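Every chain is named by a letter (A, B, C, D, E and F) in the order it is written, and numbering of its residues begins at 1.
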Amino acid sequence: MKNLKRIECVIDSVHVPAVVDALRAGGVDGYTVIRGASGWGDRGARQPDGVSGVFENCVVLCACDAEVLEGVADKLRPILKRYGGVVLISDTQSLSH
Amino acid sequence: MDLSLLFDNLRTPAILFFGLGVLAAVMKSDLALPQPIPKLLSIYLLMAIGLHGGVELMRSELDASIIMVLVAAVLLAAAVPLWSFAILRLKLDVPNAAAMAATYGSISAVTFITADTFLDTVYVQTDNANYLPGGYMVAAMALMESPAIVVGVLLARYFGKPSPDPSGGGQTPPLRAGDHDGDGKIDWGELFREAFLNGAVVVLVGSLVIGIAITPKGWESIKPFVYTPFKGVLCLFLLDMGLVAARRLGDLKSCGPSLIGFAILSAPLHAVLGIGVAWLLGVSQGDALLLAVLAGSASYIAVPAAMRLAVPEANPGLYVTMSLAVTFPFNITVGIPLYLAIIDLIWK
Amino acid sequence: MDLSLLFDNLRTPAILFFGLGVLAAVMKSDLALPQPIPKLLSIYLLMAIGLHGGVELMRSELDASIIMVLVAAVLLAAAVPLWSFAILRLKLDVPNAAAMAATYGSISAVTFITADTFLDTVYVQTDNANYLPGGYMVAAMALMESPAIVVGVLLARYFGKPSPDPSGGGQTPPLRAGDHDGDGKIDWGELFREAFLNGAVVVLVGSLVIGIAITPKGWESIKPFVYTPFKGVLCLFLLDMGLVAARRLGDLKSCGPSLIGFAILSAPLHAVLGIGVAWLLGVSQGDALLLAVLAGSASYIAVPAAMRLAVPEANPGLYVTMSLAVTFPFNITVGIPLYLAIIDLIWK
Amino acid sequence: MKNLKRIECVIDSVHVPAVVDALRAGGVDGYTVIRGASGWGDRGARQPDGVSGVFENCVVLCACDAEVLEGVADKLRPILKRYGGVVLISDTQSLSH
Amino acid sequence: MDLSLLFDNLRTPAILFFGLGVLAAVMKSDLALPQPIPKLLSIYLLMAIGLHGGVELMRSELDASIIMVLVAAVLLAAAVPLWSFAILRLKLDVPNAAAMAATYGSISAVTFITADTFLDTVYVQTDNANYLPGGYMVAAMALMESPAIVVGVLLARYFGKPSPDPSGGGQTPPLRAGDHDGDGKIDWGELFREAFLNGAVVVLVGSLVIGIAITPKGWESIKPFVYTPFKGVLCLFLLDMGLVAARRLGDLKSCGPSLIGFAILSAPLHAVLGIGVAWLLGVSQGDALLLAVLAGSASYIAVPAAMRLAVPEANPGLYVTMSLAVTFPFNITVGIPLYLAIIDLIWK
Amino acid sequence: MKNLKRIECVIDSVHVPAVVDALRAGGVDGYTVIRGASGWGDRGARQPDGVSGVFENCVVLCACDAEVLEGVADKLRPILKRYGGVVLISDTQSLSH
């Protein structure tokens, strides 16, 4: 079992590539994206409508080493500032195989 | 205005299904077309209208007046955002005004399709071929989708503040889509990609070109899928449009009366402008109605997709709501017969 | 019973595809119609049957006997849950008996559609117009969807224990759907909304009304989508129904033989009741079969949606499984030709 | 980075509005809903079937201040009791921007 | 080679839509058919081709030569993986070579359908009934899907290392699908289930049998859904195939030139083998083309599904990419007219 | 509130039954599966394509007692080794009702 940081980011689907670029530039080993989320936050309710394609959120999940976290966070902060969304960070362990 | 035209329009199946959708949403029914279906229907409709337009284009004689119409269409789409922006700035900040201006400069394919269907009915009733639009009007529609996006982004850049986060160079996010790259420059490549390679634009333009390229036998072979069931599919899509539009009505409160006024008034004003241009170019009534509808309609697919990337400071809750919940319903119910009544007055 | 009727029915494409679905699921194939597609098909079928019913209704002469049939249909749908509840209480607690009773009082649109398709075949073979049902039977179906929901919720409330969590007033969850609000009262508004504004009910009723409202030309324009491919789409939907029904078979073990007995016996018993009512009202054979099928079928869309909200203590693993995996397959394979054989015996 | 509580609730889709009402009444700043989950628990297997529309779960995710947690939990408990489902609560931090 | 055949093929709507998809993906448009739609279309196409094949089979006279063709088809499908494996082992490890060999032994239903559509066009132009394939070719296709899966798994087991994790008995995962169960034995039941009960196989075989079972009236009733719009639906599906194929092109780099060479060369070589077999059996030109296309095409649905379970060590990024992004585009654009040109040379 | 372990597993959709079997064999009380995830990891990018049906990930979420964790982990390790994917384990609490 290896100690890692678990990054969970909820953001507008259209900005997922920006988040993913930030994660990869920060040096993470992998990530997972879940599409089709709805939600509510500072910018109001978001419920995907299928016609305009707007108002859909995604959840991006990434487990990374504590060392790279700081760099990744620095890259994610301006994205959050500009596009909205949330980033949650918690402790986790990965099952080593 | 000939009221029978209005009632004829309101009694077409597609408009009735739109009404059913609105009603269901207003009564808080849980009815919904599940998630990727509306997108499938929207791709189908664009594919169908594109192919049909291409085939019609090949059948018709091409002359210089067609080029004139196409050029006028592009100019219209590029010019509408300019004054719209100026007016909208009275109430909105730069990003929101720019995004809304782009929305109204571009077009709504479903409004176009509804008008086209309406002309079909009028033609059958009057037996007057002047109501049959030319296939090149689909080309005009395709050409009018993107220019407003470019103009809108340029307006946002030109009048907007510099980078909203000038604190540290290394912290700027990996921006995209004709965005500032931190030093005020525009990434033209990205901007044009956003404007011209949006999925909706690609399907429409691609199908138009394929419609031109295929043989009559090729067209016959795919007609049972892309032409015959078309009006029925439109009903299903408009049912969903009704649901979606009415569910956005709640957001109208936060938009304010002046914006709603803009959304309602800009449609007939721009439509009349389109009619004027059509009259100057001497096209027939059918083509004139379609040009009116293109000028008067607002985008809710291609433009929002581009604006969220290129002008993320603008609130889609404003520009999508105005376009989808106000201008679109106005145009397909009252607008289309109104514009045709005006055209009939002028042309006769 | 005329066995050739049975074999004719089992050989129709739709029933064969249902069988293919069952077989695939039993053999543990990974075949599945992916997630929102069944919902799209089900909306399509309701829209199609509603429109067609409305158009037929306009073409037929309306008289008092039709009103009688509609009233009888509603009474049937409201009465069936009463005795079903009494019987089911022998084996089930109040919430489960109430939800199951509502399920069997309401109707299955796909069973109706399958019977309608079957009558088409019989009509073609016999050339006897008495087998052609009237469009108003679609109205009867629409009227029969909701009453059982109201009756079922009332049964659950009246015979049920008071609030299951009487510990602290502030802790009751934000209840919905005709639920207790902690003090034993029923929220009638919510209850009726659940019963009458379910998506399936809205599409069916709305399409029926639109079918009445449109012109013959309007109908012609959408027929290639909502009428011509109808029976083929039904095949695809029944393929999925077969998969879903057979995959629920595993839950039968936990249901017990008496429940399965109820699910199989209630269908022909209620169908015979429907036939009796039809005979008293003097309708033709086609209408009688559809009334039989409405009385004998059980809901698996509108009722479960309402019951999960209004009677959450009931286990959908029971009432959905009974309806979908037992009663539905029985009706579409054996039931329909059996009921017609009975009708033929009586009517001739 | 701000310390928060991460609430994760798995529940029948049809009861998501009740959960969301509880969260908002409890005073949270936002939430995210992921649809289309399947699962297995005390009430048996749940696998959405598309025909009946029954048997679909949702995951509701919410990051909130520790202060509001107690109130939110009090509102969620009766929902769990009546409708089933699970609520998991863990520590997390949000990236402040 | 008759170049006009090539251009005729490239100008059919379906191929043009495939090209549009490729173009859109290459230009990095965001166009996509949303998630379960491609699966729906693929089920529809299999259902349609299966039903049509079954109906045609009933109409045609059955004789011994048909049995010969079916036997030859199975042998072809089982033999192709053998030498493919031997060749691929020069560059790949055992699991990847086995999975790729199975991929190329099996068939691509969409390639078959495209060839069938192409023959239709050729028949209309030449009015030569020899270009009309028999319905039994659909049976040949159905029979060719699974054998290569069995052979591929056997190759992987026979030449593969024993269990990759021999450390502790209790730690072996719950293996499935003809997998080692830790002691080198093959679970034949699971293996055959994977090979013969894959969803794609079940729909195709089931629809074929249903096509045989139904009456002509049954077929007429579903034709407007499963036959008439078929070629149009194929366009939509090929649009998506173009997008998916082109988006996998990026993975080609990691595949290396020798693999790409295999993917391009194996298609015509196996097709010529198929033509040879067809010639020996004395079938008509239409049947010969379909057998060529079956032999030359590679699977991207049934085989990957089975291989990921049975040979998880193989990288789908290799075998799916080769099949989808290289062999499929080659076959539907250049391959089909090329094979027909060869056939015309030999048969005349 | 009861202390539990939160297991989160990202894996190729086709191997979800193996993960679920491992969880049940390990003695957990329930689990939740979210389909349709995309991602990137040691084995490269995974983006579901709909045509081949390959390249789709799932997220399997399970809250279990600390006592059963060791047994579950032992069953999950060979799956990860053979099929790829990640398993993250963290502390959580469940709202008792």
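Structure notes:
Following the convention adopted for this analysis, contacts are C-beta pairs under 8 Å (C-beta built on N, C-alpha and C of every residue); 3 or more make two chains touch, one makes a residue touch a chain.
The model shown is predicted, which means the values in this text are computed figures rather than measured ones.
Shared contact partners of chain B and chain D, listed by label, are A, C. Touching chain B and chain C at once are the following chains: E.
Seen from the Cα centre of chain C, the chain whose own Cα centre is farthest off is A.
Most remote chain with respect to chain D, judged by CA-atom centres, is E. Note: centroid distance chain A to chain C, computed from Cα atoms, is 45 Å.
Rounded to whole angstrom units, the spacing between the C-alpha centres of chain C and chain E is 41.
Between the Cα centres of chain C and chain D there is a gap of 33 Å. A straight line joining the Cα centres of chain A and chain D is 19 Å long. Residues of chain E in contact with two or more other chains: 33, 35-37, 39, 224, 228-229, 305. Counting partners per residue, chain F has 34, 36, 77-78, 81, 90-91 as the residues that reach two or more other chains. Taken together, the touching pairs give a contact graph of some other shape, not a line, ring, star or complete one. Pairwise chain contacts in this structure: A-B, A-D, A-F, B-C, B-E, C-D, C-E, D-F, E-F. In the complex of the two chains, the chain D residues touching chain A come out as 1, 4, 6, 20, 24, 29-36, 61, 63, 90-95, 97. Only residues 11-13, 16-17, 20, 23-24, 27-37, 117, 120-121, 124, 224, 228-233, 235-236, 239 of chain E touch chain B when the two sit together in their complex. Partner chain E is touched in their complex by these residues of chain F: 12, 14-15, 17-18, 21-22, 25, 36, 43-44, 47-55, 74-75, 77-79, 81-83.
Within the complex formed with chain F, the chain D residues making contact are 8, 10, 34, 36-42, 57, 59, 73, 76-78, 80-81, 86-91.
In the complex of the two chains, the chain E residues touching chain C come out as 35-36, 39-40, 43-44, 47, 51, 193, 197-199, 202-203, 206-207, 210, 213-215, 217-219, 221-226, 228-229, 305.
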